[in-house]
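Handing you a structure now.
In order of appearance the chains are A, B, C, D and E, and numbering begins at 1 in each one.
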């Protein structure tokens, strides 16, 4: 279980452009469930996701990941937690241009120093899971939108993460691809992966596989469903 | 992708390092092989009582650098500017340029 | 001032290292005062990021600081022909009164730099950076030494003039002079050999105990310190004689020369690396109670002890081989 | 009686010197090899040929020195540097004549001390074949005194360090 | 251990891919860098080889040369001076030298004419350097005429031509007999150009030179160590032209490199953000940046040094020749002996690779500390 306790995040503290993205948010996310953070842009969904995903540290408050406090970990160790626990899917996929799909999938694992042949095989298997085996050597620029999306998902899965975090995954997708995305999420969920999505797309938060919707506004959780 | 990029890079670097090492060995061999050549050259120098290298023959003060003095380049007129390129490459001999 | 690439490299690098240590000291003070890992404030984040830069720079330069000790001796050795009466680094170092202080400071900063690198390595393994304050305190302690070294070394090199008359190692390391060295030399060699071998033996025993049982970190560290001092005294007292195959030549620097197969370099490198890693074991012992390093430190100590033991062992082996197989026998004299 | 004894002593000394002189004239100086070290200070002699000195013993053993100073130090303290050898075993002594850098008989040479010419080991005794040369040298290089081989004692060597 | 190596290789793979992606910019950087190393290495190799050669060859130059000056200009020296100079302790021998220059209007060349100490040609014949032989197309047995001091042409038969291997010291020489030279130049019997002294002990050079100056205040003794030092200081750091060119190139490069290291494009910034988000740590990014700098600088160093070696020792520094030649028509086509050692290459390495690596530390740290959540914002 991931528990966030009373977390706030302030950007540019002490400067004129100080901005508080989150105000004392508390939230529990159950494992093996699919949770959607819903709310308009600027409501703090993305900030909350990045804090849960160990990309940044809250200004105050604490976050526990399976009882382990991760708030006060320095970046070096936060990265390790992030790498081993989470898989990220971003808006616009954020794939690295100029290198092949296969290398994109392998890239997150480079710093671990895993043996090249093993890593390559694992990445190939992940790609094949999404029928991309033939496109492995193709450069990112040459992939179709659907293929790029699947490569992005494959990259998120390279470390077999327990939790998938996706930030507005369908914003730039048409309906067909959005459905395809949710289908893949469904498969992952069936395999026991925890999924946390941030979205204001009804197609996402209205989907069958969503167990819980948390509504956010102005940096606070407003929906009663999240009451502890 | 047959080879990893790092393999290609390290291979290239290894070849370059080897060539540089080869050149160093070449230099070493050349120096060793030119010992008799130097013996002949020094013999010529000793026999002819030479004092300078025949590098810049364009002006007398650059031909015999060590025999020259500070005034030679400006002998023709006190304000004459250096007009031989080699004058811009070589300084006056240190025993003249040095303050006592 | 003598223009020599080695001198230039030493002066420039010392200057850079000093600037770096001043810069790092500034941040050290800030880190010592403001470090609060529990906070997610931007100051803390900025400090954490700064530590990446500082530890990268410090590691780069300290790595060079380790090399600079040998570069210094090598340079002193290579320019010794410029001074009347000098035949090795000793003569160059005695040219002015700044020579030996520079060498001493270099050895001190060498050891401190090595310890800092060990501490840094250990610290980066603990998820809460438990050694951060100790690490930056050590950096603050080191800074004056590094600055002093730069100043003294600068004064030394700038004051060098060719054709200064200096004394040769033959006269400095002779029994007739009235210096510490002569006290060492006056000591008969046989007892010194016993002291040397027994100190090495105790160090091995302490290291083996640490390695097997994980106990006695402080003891091993102090033994490796003692082994370092004994080795230096032994080199002057009897080891060098076997390398020179001369009954009266005690110089600890001439063995670095080509004529003796640069035998001094492996000897001193082994001696210093054994000492630094040995002392590192003791330093880490201090922090073995830190929770986040409970597993890392003993493992690291074992590794360090292994390196230290290997170094001292190889040192002893080389020395013993030289004693046994050189044509020279000390007993006749 | 006393006088006779003294005469005999003188006779022996003369004979001895004459003998060693004759020997020295016969013996050729050896060239110092790259591995030859000065037994007093440990320096490689071949690097500094301008001051080299050497002592050859009757058994053929030759010692090379990087200067007359170390040669004397050796000669005056044989028990330390060459145990088992005695002064009487010395067959020849060679030193380097200052002006033409040739190896000459050290027993008959003149030595100037206190000059501003320094050898590889610092202050030196500078050897000369001819006395006139030694005298001129003293004038040019501010030497303090001119002595012969037999005048050299540890007390003279001491201030040269 | 294998993990560590594999990690380095993975990151190197990625760095190479990143470098190749921006071929134009990095290619330009690499070529300018290589060019810079090439120029620097060429200068270093060329001057060092020349200095070393000069030191070796001129080791046999006369120990002391005594010249005579009058109103600051050279005068011939009375041969009689040599008798008094020979009396000085330490002087083994004194030998009067006869030499001078001859400007050849037809070929715009400056010859050095001299009377050799040993084995002089018989009157009426001369030995010439290979440079003159090449320029004039003159061979052994040919007859050459020069106008003497009185304007009357004198003809000489070529007895010998110097080997081209000794060009660096003999290229422009014309050797002739003493009788011919005195006749040709008009130097009286009791005068010579200068005196060459033989002195055994180098420690006496200064004393002897001083004694000579005291003996003849208008004389100027030049000691062999001074001759050698002249060539040691031949291309000092102040030696004009080349250093100016080099400084300009180096400056341009520094600006370029600085811009490259500090100016992260939006795309690069985003890329680093992505990497950090998917699991790269700050030190991994720094490692990547370190490899980026090392790959470029190491490649440039190796390429530049190898090319410089080929340039200086295989083509006889063909690119420098026009500068060194100047207006002279008698440039020797010498092949330099490659006196290079490990120390020189190490110096070059420290001069070129280390500064580049050091200047990239701070920019790469800046790049590496981009927030991982930037990609999410």
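Quick note on the criterion: contacts are C-beta pairs under 8 Å (C-beta built on N, C-alpha and C of every residue); 3 or more make two chains touch, one makes a residue touch a chain.
Note that the structure is predicted; figures quoted are calculated from it, not measured.
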Practice item. Starting from the Cα centroid of chain B, hunt down the chain whose centroid lies farthest away. Key: A
Point to revise | Top chain pair, ranked by number of contacting C-beta pairs | key: B-E
Study note, to complete from the structure: Taking each chain's centre as the mean of its CA atoms, the one lying farthest from the centre of chain C is chain A
Point to revise | Averaged-CA centre spacing for the pair chain C and chain A, given as whole angstrom | key: 50
Practice item. Just give me the whole-number Å value for how far the CA centre of chain C lies from that of chain D. Key: 43
**Study point:** Distance between chain centroids, defined by C-alpha means - chain B, chain C (Å)
**Key:** 41
Point to revise | Multi-partner residues of chain A (each touching 2 or more other chains) | key: 75-76, 116
Check your understanding: Of all residues in chain B, which are in touch with two or more distinct other chains?
Key -> 4
Study note, to complete from the structure: So chain E residues touching two or more other chains come to 9-10, 13, 17, 20, 282-283
Check your understanding: Contact residues on chain E for chain D in the complex?
Key -> 89-90, 92, 200-204, 207
Practice item. Can you check the complex and tell me which residues of chain E touch chain A? Key: 2-7, 9-11, 13-14, 17-18, 20-21, 267, 270-271, 274-284, 371-373, 375-377
Practice item. Going by the contact rule at the top, pick out the chain A residues touching chain C in the complex. Key: 9, 12-14, 57-60, 71-77
Check your understanding: Within the complex, which stretch of chain D touches chain E?
Key -> 50, 98-101, 117, 133, 136-137, 140-141
Practice item. Could you pull out which chain B residues touch chain E in their complex? Key: 4-6, 8-9, 12-13, 16-17, 19-20, 23-24, 26-27, 30-31, 34, 37-38, 40-60, 63-67, 69, 71, 75, 84-86, 88-91, 93-95
